[in-house]
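What follows is a set of structures for review.
Each of the two complexes below includes chain A, the first together with chain B, the second together with chain C.
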Partner chain A sequence: MVVLARGRAGATARHWRESFMYRFVTSWPFLLPTIGFFVGWQLYPILRVLWMSFTDYYYLRVGEPVHWVGLANYREALADPLVRQGLLRALAFTAIFLPGMIVIPLVAAILIDRVRNQRLATIYRVILLIPAMIPGPLIFVLWKWMYSYTIGPINYVLVDVLHLFTIYNAPQWLGDPDLTFLAVAVMEWWWGLGYHTIFFLAGLATIPRELFEAARVDGASEWRMFWSVTLPRLRPILLVLVVLRFGTAMAVIDEYLIFGGFNRALPTYTWTVYMWDLAFQLGDWRQSYAAAVGWIGALLMLIVVAFLFWLFRPRD
Partner chain B sequence: MSNGIGDSQYWLLEERLQRRELLKRLTTLGILGSSFGVLLSACRGGTTPAPTAGQPSASEATPGGGERPFTPTFYQWIINLHPDIEKGVNPDFAKKHPIDSKIAPVQGFGIERFVAEARDKNSTWDVYIGMTPFVEMAQLVEAEVIEPWDPYLPDDVKKDIIPSILEEATYQGKIYNWPFLLDVIVLGWHAGIVEKAGLDPEKPPKTWDELLAAARKVKDSGAAPFGCTFDAHGWRSLAPITHSISTDVYTEDGLFDFTSDAAVQALELMKQMMELANPDVLNPGKSDAGVNDTPDEAAFGAEQVAYYVKYQNAPIRFAGVWRDPSKLRLGALPSGGEGATVFWNTGAALFKWGKNKEIAAEYMKALTYDERIWAHSIGGGREAVGQLSVYQSLWDAWRQNPPKWMQDWAFFIVDQLKVSKAIRTHKFGLTQFVIGQPHWEKYFKGEVRDPRQALQEARDAVLAELKKQGG
Partner chain C sequence: MVERLASRAPFARADAALQRPRHRRPLPWGAILRHAVLLLFCGIVLFPLAWVVLLSVKSLPDAYTNRIWPSEFDFSHYRYAMTHISTLPRNVLNSIFVTSMTVALATVCAVLAGYALVHLDTPGRVVVFSLLVASMFFPTRITSLIAVYEIQKQLGFLNTTHGLIFPYVTLSLALSVFIMRGIFETIPRELADAARIDGCGPWRMLLQVMLPLVRNGIVVVIVVNFVTAWGEYLLATTLTNDQEVRTLPVVLAAASGGMGQWAWPRIAAVYVMAVAPALIAFAITQRWYMRGLQEGALKG
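Up next is the complex of A and B:
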């Protein structure tokens, strides 16, 4: 009897352990902080902004009812020349920035990867990483000084040392629309070089050395090994970096605000700055319209990201 | 299928979570939960709930008193440029009332935090010292962030404020701005460069034509690379130069009339000045979203330019880095007819949901009348910033019996207030110039040949934005 009772109790306990409730009680409570964070920090703001984009919500209008306006904000935004111009400007910057942000660290990583002296390789890595340790705003202010027309060291070298220009025709790095994006991109390349190089070094470390040795035995040149061994093996890293940097390049705002402010004539007045202007500067802060502008930009970026995933799809 | 975990370990992970372990995890969760509770209550203002709509704030319930020390918050630059606030005024005031002075989160004139708190009917601070009426006062009033000073401003102080400044501080019939630091757009010049060009450094240009001729002579003579400069932001150049021609340049709804004859003339003058100015004069500044640390300051500080149109504290501060700062001269803006200019004050706003409101008024009186501030601002040598007092009684006393630190230029500048006007307070008071600037700059760059057309485009852009904002 006792044995039978123990057997039943054991079966009940096993049944309880296998039940949905048991799994629920022993798993889900521990996920709550993460779920709370995800919902409160990510999902809610996204849904809130989505809702706002369909209303006539003005942040500064206290106590006024908010009305549902359907797609009116989107229609207006699509016809707004500042939105179109802002998106085109962001694309232009991305087109300048992205290739350099991939190619320069890739070359640096390949060169460092070939350094056989470990101490020297570490020194190179540390030097490259120094800019990445400096906070963004400090970088922007530093480079803004570097690019200063009258007192910047770059123009000092060009005018007073090399005599390539005079004080009347020296380059206006942040004032000339043709130079601004290049100037911002150079700063970003310098800032991100170490960080991105480390990504590529991690990728290079995963490529078996035997592949290179076999290729050498087969008489492959260095260039051929790069195209046929290194690059295909780095495709996952490239995908991550291209997608990440595409997103950040299209959505740059801090740099533009510090370099160009709210001057609509400058290339730095992109759709992100316009969105900020609408939401926190102009009139009654029409955040509903700013939200629609944001969603249009975000959707376009998602389409491009989908294309990038297709482009970098595994082909083995 | 091997997953790197041994069978026994897998069994442990997957199936047999021990009761003790379960209890331990639940306890941890409980601690986390209570931590989140504390965090949430802290975010909502600690154990004291914020007053709900229609419920009086603590200070309203107990006039003059509060549950926290008096908490003013300053725009960072005010503390930086006027060190006597922290060194002298605040410690003295603390002998009477506890004070907890803060730096305001308002880089680039951003008022988001103030508005966000007001929407929750709450305020971390009692008074904000850094509000310029035409920049953000209308928005702060309309969003119910601030309330009028009228019930707290003593009559003697109100009567003492220079009338044109009191008018600037008033919006919709109420005083929302306790004026403090006065800035006036003036003409500054480098006496050394002017003299080197063969001009009399003690005889400033009285008209715009005279200024242009003098600036051209400076450049042509090689005394300096550039003859004159200005700050390209419209409220610091287009509006003051327009005011020097006429102050009747505001529409019925309070916007700057870009298409007025005076504005058109001002734009033509600016284009002529540009030809004699540092080539980067239109570029944005280095801080505060391009508004401050502008290229004109760098050029004037580097002694590359003779004449400089801007509010007085800019030439004073940047002459401080010259080899010989005593070469700085300041005078009235050249006249284009009316002989006026633009001025503004940076003063204090009273938070509607703040506390200690009567103490705030007491503090503002102590701060704004404190002579140490003015001695440093006017007579502080290389550290002087040149911002001036807004009180007639102080100027009368200083005129009768000038203190040792007083400078003659201070009287010239204050005298300009008799004819000058501030830019009208409006929700687009500042942004109308930001929106319009790219359009009138087309005239500077030769993209539009007619200044009136460029300014019409500027006006159209402002009206379009106003319409977009439902105005």
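Up next is the complex of A and C:
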């Protein structure tokens, strides 16, 4: 096609170069690999799962006809106590996890931002960022050992060093339903501290220093400056982090599979684990119903995300 | 906490300190407290890693007394793990293979797409980019899992190592494209226009003009995809069954400490071998990574 265009007169060639087809042919090859992967392993599967959720498809019932059942799966799922409990458990974890995941890195970022020795500030950043370089599941494995009450150093310190507990009443971080979510949240804070600190530091760096100087001249306290200058300027970053972390917290699954497995008595048996259980383990692998459970969770998350965007909307 | 630290901070600032007479300048409590808190954070971050490294070099009796500093060191666990745990070398190779392929594919995809979204007059780029960004706010991993299993089955990829590459590339693809787009936006459009007027085609412009300028961003994308693929658990555990085709993290997560080949120091040695490549790579690329983040990977 390009050869064809070159053969024509100059005016036609210019016309061709500005045409939609030319722009399409020269630019889309660059997008194609990304779109191939994105559509093939993300967009299509999501839509396919959506379709499945309206049928009575069982993976292991090979050869049986599949029927369209409308909203029956959704109706059943909404009445299913395990779905409700699973969603509530995920919300409970999010409520524990999210505030700490925002506040602790924000404190760290404000502290590092005030370190005037640049070399020292870099060292702090790099050390805090180390956990972010370790893949999630390897973090979970490590912390499963940290919390273990046979080998774990946390209980060793609590029992044998500080003598706060004895081996008979030492906390079972991952076995006690009241402690599990806190234990998972602490691990997540540890993991995300450096990464989120870097985000906040980038945000703090964009605030013009003159704003603080002016506020200080006006006699504003540091606390007041934080609320009136720093926080409003960080709102876009806060929005992105709150929304992203809300998404990860609600859809946590690897942690729960590694820590709690399929133990329904533990709070780690949330809607995501239930969906996996339904789709790949229980009975005849009722993937249609599992798909509906997954979509109910996803829709609930979308509603909350929309609410968060509204909450953090730009205000003047 | 914030209140206490913040209200003391003015004393530490040079300008504030200069305003008061020199002989009455108080101790910089703000600075001391600040560094104390930051050192505490660093200590908390480093403790679990130090603990597992120490565990991997403890003698077997020491490992079961739980004391953090061993009375006797034993460095043989690394060799033992590699030679006595039957599938382990295989799992390491699987992880290396899957991760390197994923990183290569995802990076190429992200660089090409980021370039097309910013510097080419791509029709429909707003739609494509919006879809990619929207996917970052949607639990794609959970909702797509069931159908990904089906696709992998149809392609004959179930229970294979190489089959994992395809879903792995998509895991961080949207984020990678987002990062590369941010980096490409830091390159002035005039540069692209000038090159175009000089008769430079889109491919040559990317390879010869742009690529050296987005180097730091590429490092960020490589690190992001490396971390995702090296430790991926959910897909690997769903899509594979046999220990020989599985990757290192799945095997590690399934191993529960006990006796024999899975004695604690030996698992810890496997763990250190699993984490070390990531940390060494980070130590080497840390400078470019930080610069890449500052250049625009964090924007938006």
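The rule we apply is simple: the second predicted complex is superposed on the first by the 277 of 316 C-alpha atoms of A that agree within 3 Å, B and C clash if a C-alpha of one lies under 4 Å from a C-alpha of the other, contacts with A are read in each partner's own complex, and residues count from 1 in each chain.
Definition applied: contacts are C-beta pairs under 8 Å (C-beta built on N, C-alpha and C of every residue); 3 or more make two chains touch, one makes a residue touch a chain.
Small disclaimer: the values here were computed from a predicted structure and weren't measured.
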> Superposed on chain A, are chain B and chain C clashing or fitting side by side?
Replying inline: clash
>> With both complexes overlaid on chain A, does A:Tyr289 touch chain B (first), chain C (second), both or neither?
In response: first
> So, A:Phe312: does it touch chain B (first), chain C (second), both, or neither?
Replying inline: neither
>> For A:Trp145, using the defined touch cut-off, is the partner it touches chain B, chain C, both, or neither? Pick first, second, both or neither.
In response: both
>> Just to be sure I read the superposition right, which of the two partners does A:Phe280 touch: chain B = first, chain C = second, or both, or neither?
In response: both
>> Just to be sure I read the superposition right, which of the two partners does A:Pro33 touch: chain B = first, chain C = second, or both, or neither?
In response: both
> On chain A, which partner touches more residues: chain B or chain C?
Replying inline: C
>> With both complexes overlaid on chain A, does A:Leu257 touch chain B (first), chain C (second), both or neither?
In response: both
> Where does A:Leu60 make contact in the superposed view: on chain B (first), on chain C (second), on both, or on neither?
Replying inline: first
> If both complexes are laid over each other on chain A, which piece of chain B (99-107, 135-143, 189-197 or 333-341) hits chain C?
Replying inline: 99-107
> Intersection of chain A residues contacting chain B with those contacting chain C?
Replying inline: 26, 30, 33, 141, 145, 148, 150-151, 257-258, 280
> Which residues, counting only chain A, touch chain C once they are in their complex?
Replying inline: 20, 23-24, 26-28, 30-31, 33-35, 37-38, 40-46, 48-49, 52, 103, 106-108, 110-112, 114-116, 122, 124-143, 145-146, 148, 150-151, 153, 156, 160, 190, 193-194, 198-199, 202, 216, 221-223, 226, 240, 243-244, 247, 250-251, 253-254, 257-258, 272, 275-276, 279-280, 287, 290-291, 294-295, 297-298, 301-302, 305
>> Residue numbers of chain B touching chain A in their complex, please.
In response: 15-17, 22, 25-26, 29, 32, 36, 108, 110, 112, 115, 118-119, 139, 142-144, 225, 278-280, 282-291, 295, 298-299, 302, 304, 427-428, 431, 434-435, 437-438, 441, 465-466, 468-471
> For the complex, which residues does chain C have touching chain A?
Replying inline: 1-3, 5-10, 12-14, 16, 34-35, 37-38, 41-42, 44-49, 51-52, 55, 63-64, 66-68, 105, 108-110, 112-113, 115-117, 120-123, 125, 128, 131-132, 135-151, 166-167, 169-170, 173-174, 177, 202, 206, 223, 227-228, 230-234, 237-238, 249-250, 252-253, 257, 264, 268, 271, 274-275, 278-279, 281-282, 286, 290, 293-294, 298-300
>> Could you list, by residue number, the parts of chain A that touch chain B in their complex?
In response: 17, 25-26, 29-30, 32-33, 36, 56, 58-62, 76, 141, 144-145, 148-151, 167-170, 172, 174-175, 257-266, 280-286, 289
